[in-house]
Structures are given as C-alpha cells and as structure tokens.
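Same chain, two partners: subunit A is paired with subunit B first, then with subunit C.
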Partner chain A sequence: MGMSMKWQKMLVHIFIIGVGIFMLYPVLWMVFSSFKPERLIFSEPGLWPREVTLENYFKGWHVVRDTTFGLFFKNSFMISAVCVIANLVTCSMAAYAFARMKFPLKKLWFACMLMTIMLPAHVTLVPQYSIFHSLGWIDTKLPLIVPKIFATDAFFIFLMVQFFRGIPRDLDESATIDGCGPIKIYMKIILPLAVPALITTSIFTFIWTWDDFFSQVLYLNTVQNFTVPLGLRLFLDSQGDSSWGAVFAMSILSLMPTATIFFIFQKYIVEGITTTGLKG
Partner chain B sequence: MQMAKRRNRAAGNHAWIAYLFLLPWLIGFFGLVLGPMISSLYLSFTQYNLLQPPQWTGWSNYEGLLQDSNFRDAVQVTLTYVFISVPTQLIAALLVALLLNRGLRGLGIYRTVYYIPSLLGGSVAIALLWKNLFGMNGIVNDFLSFFGVEGRGWVTHPDYALYTLIILATWQFGASMVIFLAGLKQIPQELYEAAAVDGAGKFRQLRMISLPLLTPVIFFNLVIELIKTMQSFTSSYIVSEGTGGPINSTLFYTLYLYQRGFSYFEMGYASAMAWLLVLGLGAMTAVLFLTSRYWVHYEDGGKL
Partner chain C sequence: MKGVAILKKKWFVHVCVLLLVVVLAACSSSNNGTSENTPNASNSSNQGGTPSESSTTDEQIELRMTWWGGQERHDRTLEVIEMYEAKNPNVKIVAEYSGFDGYFDKLTTQFAAGNAPDIIQYGGNLNDFVARGVVLPLDEYVGGALDLSKHDQSMIDAATMDGKLYGVTLGSNGWGVLVNKTAFEQAGVPLPSPEWTWEEFEQAAIQITENVEGMYGTADFEEDGFGIFLAQRGKVVHENGKLGFNDQDVKDWFQMWDGFRNSGAAVIPEIQAAATQTPEQSLIVKGDVAMQLIASNQYGAYSNATEDQFALYLPPNNSDTGENGASLRPSQFLSGYAETEHPEEVAKFLAFFTNDLDATAVLGNDRGAPVNSEVRENLISNASEIDEVIFSYIQTVSQTSDAPYVPNLPGYNETQALFKRAAEKIAFGEASVEDATNEYWTEVQKVMEKYEQ
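Let's turn to the complex of A and B:
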C-alpha cells in the first residue's frame, strides 16, 4: 500500500486523460480550424490559430444562393420540437394504459409493442413511403412528424411503462376514492411524478430527430425544406479542398444544440443510458 | 345501454378509456407498422415503381439478389463492418470501464468525456470530419508521418475506406462503457473482499468475479450493438458521397437498399432486401440467444 498504490492510480489517471485527449482531439481540431483562415487550416500544425477569422462562418452560412443555414436550423428545430411534443403526449398515453389500466387483449398489445422496438425500420419503409406519396406528403415535414403522433417510437413507451410502474399505486387508489377517474389520475398524478422519464424522452427524441439523416434524405427534396443534416450534405456537391473551413464552421454549429442539451441535462442522459440501455 | 354503462363504471371497468389512451399507438401500429410490414412482404414478390400498380413476379426479386454482385458486396461489407466494429467497440468499452471502476476520483468527468463521441458520432457533421481526417491532407496523415508512415487518401482507397468507418464506430464506445460501468457498480463489494481474503489477485478477481457477473450486460450490449450496427447508414453515405465507393468498399446494406429503392425506384427489390435484413438480423439474434445459455451467467439461473 501507500506510495506504490498512489503511483499506480496516478498512472491510470494519466492514461485515461491521455486517451481522452487523443479521442477528442479531432473534434477540438475542427473547432479551432473553423476559426482559421482557409489557407492555414492544413498548413498550420497545432490547434491554436495564429489568425482568427469568422470568414468560414459567413461562407458556410450562405452555402447556397437564395437561402442560408438559418432556414435549415429553423426547419430542423420545428421538426424536432413537434416530434418531442408528439412523443411526450402519445407515448405517455399508451404507457399509462399499459402500466395502470386493465383492458381486454392487454398482453397481446404489450407483446406487439415490445416487438416493434427491435424491428428494423426498413421493413416498413417502402409501404410508408408509398402511403405518404399518395397523400402528397413527399417533400413536406409530415412524413417525419406524423409517425411520432401515432407513438411509433415504441422504445419510449417501454421506458415510460417502466417508470410509471415505479410510482406507488396507493396514490392512484386514494385519488380514486376521492372521485378521480383515470384521465384525472394520468394528468394530476402520473405525469407530474414522471417528469424525469419525460425529460429523458424529450432529450433523446430531440437528439435523434436532430441527427436523423436517413428519413430526411428520403423525404425532403427541395432546398427550402432542407434540415441541418441535409444542408451539410450540400457541401459534398460543392467540394474541393477550398471549402473545408466552411464545412467545419457549419458542422460545429450543427452540433451545438446536441452539445448544449448534453451539458444541461447530463444527469438525465447518463441515468437514461444506465437504466434502459439507451444509446446516444 | 345507459344502464349497462353505469354498471360497468360502478365495477371500475374503464376498458374503453384504456383504449382511448391506446388509440394513437393502435392506429400507428396497424397503419404504420403492421400494415406496412405485411404490405412490404407482398411487395417483395412484385415489381413496383411507385407510379404503376405493383406487378406480381414471384420469387424473381430474391433470385435477382442471389445473382446481384453489388448485393453480395453489400452483404460482405456490412458483415465485415459489424463483425469487426462490434467486438472492438465492446472490448474498448469494457477495458476502459474496468479501468475507471477502481474508485478513481473524477469518474464523472471521465465518463462524460468518453461519452461525447457516442453523443455526436452519428451525425453528418462528424462523418464529414472523418472524411477530412482520413483524406489525403487530413491530420491522420500528419500524425502518421511522425512515425514515418507514408500518407495516403484513406477514405478514397478501396482497401482502407471501410476501416475508417470501423474506426468511427469504435470511437463511439462511450455509451456501452457507461452501461458497463453501471453493471460493475451492481457487483457487491463483499465478493471482492472475500476473494482477496482467499488470496485471489486482481487478475483472478477479474476473471472469476467481474467478468462472469458482467456477462448479462455484455450480452445486452452485444445484441443492441449488433442490431444498431447492421443498420448503419449515415457514415457510409457521407464518406462515400452516397455511392458506397470506392468500388463498393463502403456499400452498407442500408445504403444499397436506399439506392435501389429510392434512386432507381425498384421498390419491390428494396422490399425483398428489407425482409432479408429482418430475417438475417432475427437469425443472428436467435443464435446469440441460443449461445447465451452457455456463457451468460444469470443470478436467478436464467429462467424466463
């Protein structure tokens, strides 16, 4: 014990910090490079910029004519916000029925719900696309939003069922004696006590919708409807080594909402992962 | 009618209210999941381009897949990607978790830092960064030149492009690590103390206590990562600019499905691919579950 133990711990710290810096270095490099003049990004070694400029941000913001990243951010925020609200309302409703109410065929529906959690989305993709196409919804936000209104993110139903089950039943029972019906119990007792689960749901719905590239590439075609990931994809078409500064600048901006949420709600994220196996 | 309703309510029968709560999900389940599932199974036996009604062609889509060399490439690329990146990711996650789980100070901060790649890694932004890092002028080549390794365009070379994506996947081991850490915390401290009294060293404790008791968590992570990694899309799309190239070396299964279904509008073909994906994933998961009884240690004897 004593000295050698201390040294051992010290070594572990140094190793962990070293690996951590190594892993985050690319992201840090991107952050610093986004403030460097284009010509210095690849010629100047090291992180610290000798010359600081916002030119990349201006150039990136105006990636295409007639519109800016401002519009893409607006679109992304709108879609994400509506998805968060939809998931909160409909997933919690379904979860309440599963966790607290008795009704015929409950076991069957619950099994169906669990099954859909692991189901690859590709197997419903073509018919869904065809439905949305016949409704005239291609190149609108609706295909991205409407599924959430119908609680298709079964994962969050499961998460909330687990949480609701942990809320003491005595509370429901005394409320029933006081004359409350199920709707009132859901509104006045379950939801207020389930705030942590609601926060976890909001965070992950937001982050996943914000980052979701596949459905956005599938359903949104015109620049006016583009979201942030699709805006970033525009750089692929107009590349050459000359525009990396702008790519980095807009990439950094695109990561800001996720990063901000992470630093505010860290506790909920770590707890969400550990209790349910959520992945980032 | 009115009487019956009143009697039901008196008996506390709220079935219809329960169904009211369940209604959005039920509509979604039938209209957006189960219905489309059945429909895509049907479409997989047809030729369908969205504009004309589907035409029954029997097994021809599936036969076509067997002869499609791009499909074979996609399967091979995806399996290579999955079979390398899932184990490396889990091993990295486990090693770092074991290292962090020694009562270190600042555990919270380390956990946060290591989790950041998992948080950001799935985005288009990081995929673009990766394309740059492993490009001809990227900092990876700067780094390698320190060791005298000759630089090249890693993302544009057919032998190496897939490995840059594997590195990107491995880089995101933080989420699994957080789950491992939680699992390690569950192991009662007394077990280690008892083992130490019996003279078991650190390594033996790891082999006899930590690893066996962690096998349920390892199993859980393995299943989740397998399902998730098989469906990866963004990194290959961005790094290869939607082509899956160079020469199909990064053609992920989902990217090829996307190309056939939504660039060429061969939606019957895409549906057949989707069903093969589900069957393949189902089979792999089933195999994992079958083997689990031989290596996963459950406290309650593993009875379901």
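Let's turn to the complex of A and C:
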C-alpha cells in the first residue's frame, strides 16, 4: 500500500515536471537562441547552439547610438517603483474608507469605482491624451505616474476592500476603546494585518507596469524617456530587418526583475489572493 | 513571536510611507524640470507663429520627426538628422522613433489631440491619412525647396493623390524570385538563365524536388504573383475603382499552379498553408523550398537569416508576350503634418533626406532603393554585397519592364483572404479550379462594390 502510494506520487511528479518543461520550451528556446549568431537562430532548429556568442547581448545593450539599454531599465524601474509605492499608499487608503468608514452615498461611489474597471481603456484614450497634452506632460513620465497617486487602480482597491472586510471588527472596536481614531486604526491595526494584500498589490503593480506597452508607447516620444518594453520593440520592424538575436538577449534581461520578484514573493501572492475572497 | 512579526510589519509600513514622501519630493522636482521646459517649448512655437516665411537663419526652429524601424534604420536616420542640423544650425530635429508595434495607434491618437510630429513616415496607408486631411500638400514647394527633378516619375505618382503631392517616396522595391543557389548547386541542377519563362521555371523546380531530400522546388507565389502574372498580359489588378482582370485570368493562374503542384514543382499545400510572412521563418529560409517570391528590400533579411547563398531573379516571362511583369513599388513615404508651423522647413528636410548625396549614402538601402536616379548611381558604386544585388535588381526592373505601380486592391485584407482561401481550396482538393475561381470572382466583385460607395 505504502509503496504503491509512493509510486503513484512519483509518477504524478514526473508527469508534472514533463508538462512544466514542455510549457517552458519557448522560454528555453529564447535563452539558447540569444547565444546563437543571428544567422543561425532560425535556420538551426535544435536548442543547443553550434556556435556560442555574446554578440547579441553587446548589440542589444547598445541599442542605438549614445543610448544603452541601461537607460531603459532605469526608466522602467523608476516608473514601476513609484507606481508600486503610490498604489500601496493610496489604494489602501481608499479601500480602508470603503471597508470601514461611513460616508454619504458610499454604495454609489463603490459602484462607480467598480465601473472604472469595466470601462474599456480605449474609450478614455483620446480624452486622456488630450488632457495630458494640454498639461504639457507628453514625453514625460508624469502621465504614467501621477494617476496612480490618486488611487486609480480600482482593481487593487477592490482587492484590498475584500481583504480588509475579513479583518475582525472587534479589533477596531477594542482599538477605539483604547482611544484610537480612524487614522490610528488604519495605521496600527489594518495595515499590519493586511501585509499579504499589500504584497500582492505591489507585485501585480510592478509586473503590470513593467510589462505595460501601450500607455508607454503613447506618452513617451523620445528615446531618453523610453522604457524596457519600448526598447525591446526598437529592434523589431515587421516589414524589414529585425534584430531577433538582440531582442531575445534583452528580453531575457528584462525578464529577470519580474522573475526574481515573483520567486521571492510567490508565497505571499497565493496568500494574498486566497484570503481576499477573490477565489478564481 | 506574533508581536515581533507585527513589529516588523510596522517597520515595513513606515518605510513605505517614508519612501512615498521621498518619491513625491522627487516627482515635484522633476515637475519643476518640465515646467522649466514648457516655457521654452511655447516660446519656440510662438516664434513659429510669427510669419514663418521669414526663415532668417537666427530664428530657432524645432521640428519633430517620427518613423518606425529596426536598430539599423534608427542609427542611420539619426546620423542624417545630425548632418542636417550641422548644415542648418537654426533647425533642431527631435527624433521620435519606435518599432512598428503601436506606431500607427500612437499617430492616430496624436492626430486626434492635434499633437502629431511635423515630419511623419508612412507606409502603403498614406492614402488613408490623406483622406483624413492630416497630411501636408507639398505642391507649392516643388521646384523650390523640394527638388523632384531626378525622382522616378512612377514614385512621384505613387505619392500623388487627387492631383496633389503628399510626400516623397523613400525607396522603391520590386517583387523578385529569390533563388537558393546553394540548393541548386548541391542538387546538381544548373541555375536558370536570368531571362526564364514559366516553363523553364517549372522544369527547374521539378528537378529540385526530385534531387533534394525534403525540399520542394518553389513556394506558391500567392496574390502578389498574380499581380505580376496580370502585368505580363498587359493588365492591371485595378484602376479607377474597377477590376482590370476577368475570371479567365484568375482561372489561368490557379490552373497553372495546380499544374505546378501536380508535376511536383510546387510545395505541398500542408507546408504552404503554414508559411509566414516573416523572412526569418519563411519556407525558403527553413529549407522547405528553393524558390520564393519576395520584395527586393527584404533580400537582406532573407540572406542574413541563413548560411545558404541566394540570388534574386526577375519573375519568369510569359512566353507569349515576353514580358516579366515586374514593377517598382514605393516602400515608405515621408510627409509633413498638415498643421505644422514650418511647412517650408519640412519640405527642405524632405528634399535633403532624398536628394543629398551624403545623407542618402548614410541611409543606403534601408527603406528600399532610392528613387532619385543620381543618388542610386552614386550608391551602386560603393554598395555592400547585399545592397548591390538589390540596386542592380531595381535597375534591371526599371530597364526591362514598364509595368505600372498598382496599389493594393481596396479592402486589401478582405480580398487577400479571399484569394488565399480560393488557392487553398484548390490545393487541398476541396474545390475544382473552376468552382474556386467562380466563388472568388463573385466575392471580389462584392468587395469592390462595397468600396465604390
């Protein structure tokens, strides 16, 4: 009995590992291809490179004259970091208000907030662009950053509202008896208990901002302001010469921050999602 | 234990708040930075607002220019911009370049907000933007700031719509048959003569299929090949909103390829159906076929993607008319924004970009063979191996064929899909040549009617 259970477990594991490798194959292919000379990438089907070269990395790093990919990483980090912090602070405050405070028309505002999730981004695109244009913010990072300071990511507000509702009200009440006001309750009770939700928010904000392409291509015009997703596309011209080797090399570098963050905080993501009632 | 954890978390929260304060401060300082910039920008636009004809050299002008492309094109274009700025110290050109993804989405948004760059690169969709009235007509500068005297007439015509000139053509391409020389040599098949006929083409292809394991003679030439086939019969795909061919032409084309597949010259439909447009993943680069129809500007992309040696051939002749049907087609256009404050400066830059010998030497073949004949001669003399193949091919086309440039059929995506579906039905044996032709013919006429209104 024990033996057969063990065998069964092992078989299941082998199967899962096999499927995992199968799913990873495109990524592995990209990793190996990034070390191949450009002309062999598509003509040599196998994984293992016949010739190994770092040329793609050098070529990719020096993407255009006077500009290296380092600049794009710096810009992307800057934007992502500010978005993460802004979302953490403002979304948690908004969520606290919705979860714990009493104010007029609360249900209506909550519905409005949820509606912003459902509104397709394309609808607001042109008006938004016009507003940022008249503010003189085009080709700066501001259109990407400033909205986050006003808790515009309704998804995270919703996520945190759900989490905060799960925190027993008894804690608030005993804090009130001890003389805490709403701000102190928020700071001393709610936030420390909501760390999993906060971490989930940070990770998703980071990954989504890091990978975002469309709003960045829209608002950033000159290469000095470019971010990693825009930098990657500088290599690609669907109608002419594309430097695939360089794209692969830089894609791998750009995967590293997200992958690292995901692996470090993996545990919290699951915790954060399962305890917010947002069960998939 | 729990107390320690909570303490740690408290610490985390404090750090977060502290970071936010720091970042907000940083933001407000960068805000100052931009607000310092904005007055400058508005100053320069104010200057532009004053009569722009007074192009005195001390007036500082800023032009924004946008294009899409790969790494190579960015480097070359930036160098030309610097050359222009060195020659015209009063002009500063802000380069806004990107990959192709999102390029036109962004441009459309910019047009809607009235914030588009002064100089814009377009592709075959120039006419869509002309129709919206956002492209600057250049007629009043022709002969003055913009000298077109050495440009190929067909390429000037390509940028002319409703009698007005809307841009300069940046390069011309032609369809050609890419031949894998290495495969021919390995198979012991003699290379075809440069003036070949469809019959010779078929024979060469059959020999490749028979002699090379796992390789077929040729890929299907698809709808682009059909255009060439029509030109060989002295017909055009469409003109003035009317189709220039009849159902018999379609039937003959499908019949010919059905014959090629039956004789073993053409690749089997299972492989053809999975073919992509990307040079690096094309059938000829993957070694599935030895011949394929390509646009001449992509010769470099195909050659660099493999170690095999390639050659570029004219399309096979129609043995009755002796025509090869090849024509030049514009690759991209450079145009002005209708709302630009410095239209004359834009025209001057367009002229520099297409006529200046040093500038065009830097640009090379990246956007297709130059349309200025003087520039082309200058380039051939010191071109790289790949560019030489392309330039001499373009030169051969312009010498051996007078087929006109015909833009894509209206509703290109639709009509192309129709053609492809008909071709695949025949290839997979789902329909006879007759039936598939009739179906295509009815459908394509419906599409034409739709676009006529």
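Following the convention adopted for this analysis, the second predicted complex is superposed on the first by the 231 of 280 C-alpha atoms of A that agree within 3 Å, B and C clash if a C-alpha of one lies under 4 Å from a C-alpha of the other, contacts with A are read in each partner's own complex, and residues count from 1 in each chain.
The rule is simple: contacts are C-beta pairs under 8 Å (C-beta built on N, C-alpha and C of every residue); 3 or more make two chains touch, one makes a residue touch a chain.
Just so we're clear, the structure is a prediction, and the values are computed from it rather than from any experiment.
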Combined model on subunit A where subunit B meets subunit C, clash or fit: clash
Partner chain in contact with A:L142 - subunit B first, subunit C second, else both or neither: second
Subunit B versus subunit C as contact partner of A:I167, first or second or both or neither: neither
Subunit B versus subunit C as contact partner of A:I85, first or second or both or neither: second
Which superposed partner A:L236 touches (first subunit B, second subunit C, both, neither): both
Residue contacts with subunit A in the superposition, subunit B compared against subunit C: B
Contacts of A:A246 with subunit B and subunit C, given as first, second, both or neither: second
First (subunit B), second (subunit C), both or neither touched by A:P182: first
Which superposed partner A:I157 touches (first subunit B, second subunit C, both, neither): first
Touched partner set for A:L125, first subunit B, second subunit C, both or neither: both
First (subunit B), second (subunit C), both or neither touched by A:G20: first
Subunit C-contacting residues of subunit A that also contact subunit B: 42, 125-126, 129-130, 133, 149, 213-214, 217-218, 232-233, 235-236, 241, 244
In the complex with subunit A, residue positions of subunit B that touch it: 14-15, 17-19, 21-22, 24-29, 31-37, 39-40, 43, 48, 50, 96, 99-100, 102, 104-106, 110-126, 128-130, 132-133, 137, 139, 142, 171-172, 174-176, 178-179, 181-182, 220-221, 224, 227-228, 230-231, 233-234, 237-238, 241-242, 254, 257-258, 261-262, 267, 270-271, 273-275, 277-278, 281, 285
Subunit A contact footprint on subunit C (complex, rising order): 6, 9-10, 12-13, 16-17, 19-20, 23-24, 27, 30-31, 34-35, 38, 41, 64, 66, 68-75, 78-79, 94-102, 105-106, 109-110, 112-115, 123, 278, 280-281, 285-287, 297-298, 300-301, 304-308, 366
Subunit A residues touching subunit C - in the complex, by the definition given at the top: 38-43, 59, 63-65, 81-82, 85-86, 88-89, 125-126, 129-130, 133, 136-138, 140-142, 145-146, 149, 187-188, 191-192, 195, 213-214, 217-218, 221-223, 230, 232-244, 246
Residues of subunit A defined as touching subunit B within the complex: 9, 12-13, 15-16, 19-20, 23-24, 26-27, 29-30, 42, 45, 90-91, 93-94, 96-98, 101-104, 106, 109, 112-113, 116, 118-131, 133, 147, 149-152, 154, 157, 181-183, 186, 207, 211, 213-214, 217-218, 228-229, 232-233, 235-236, 241, 244, 247-248, 250-252, 254-255, 258-259, 262, 266, 269-270, 273-274, 277-280
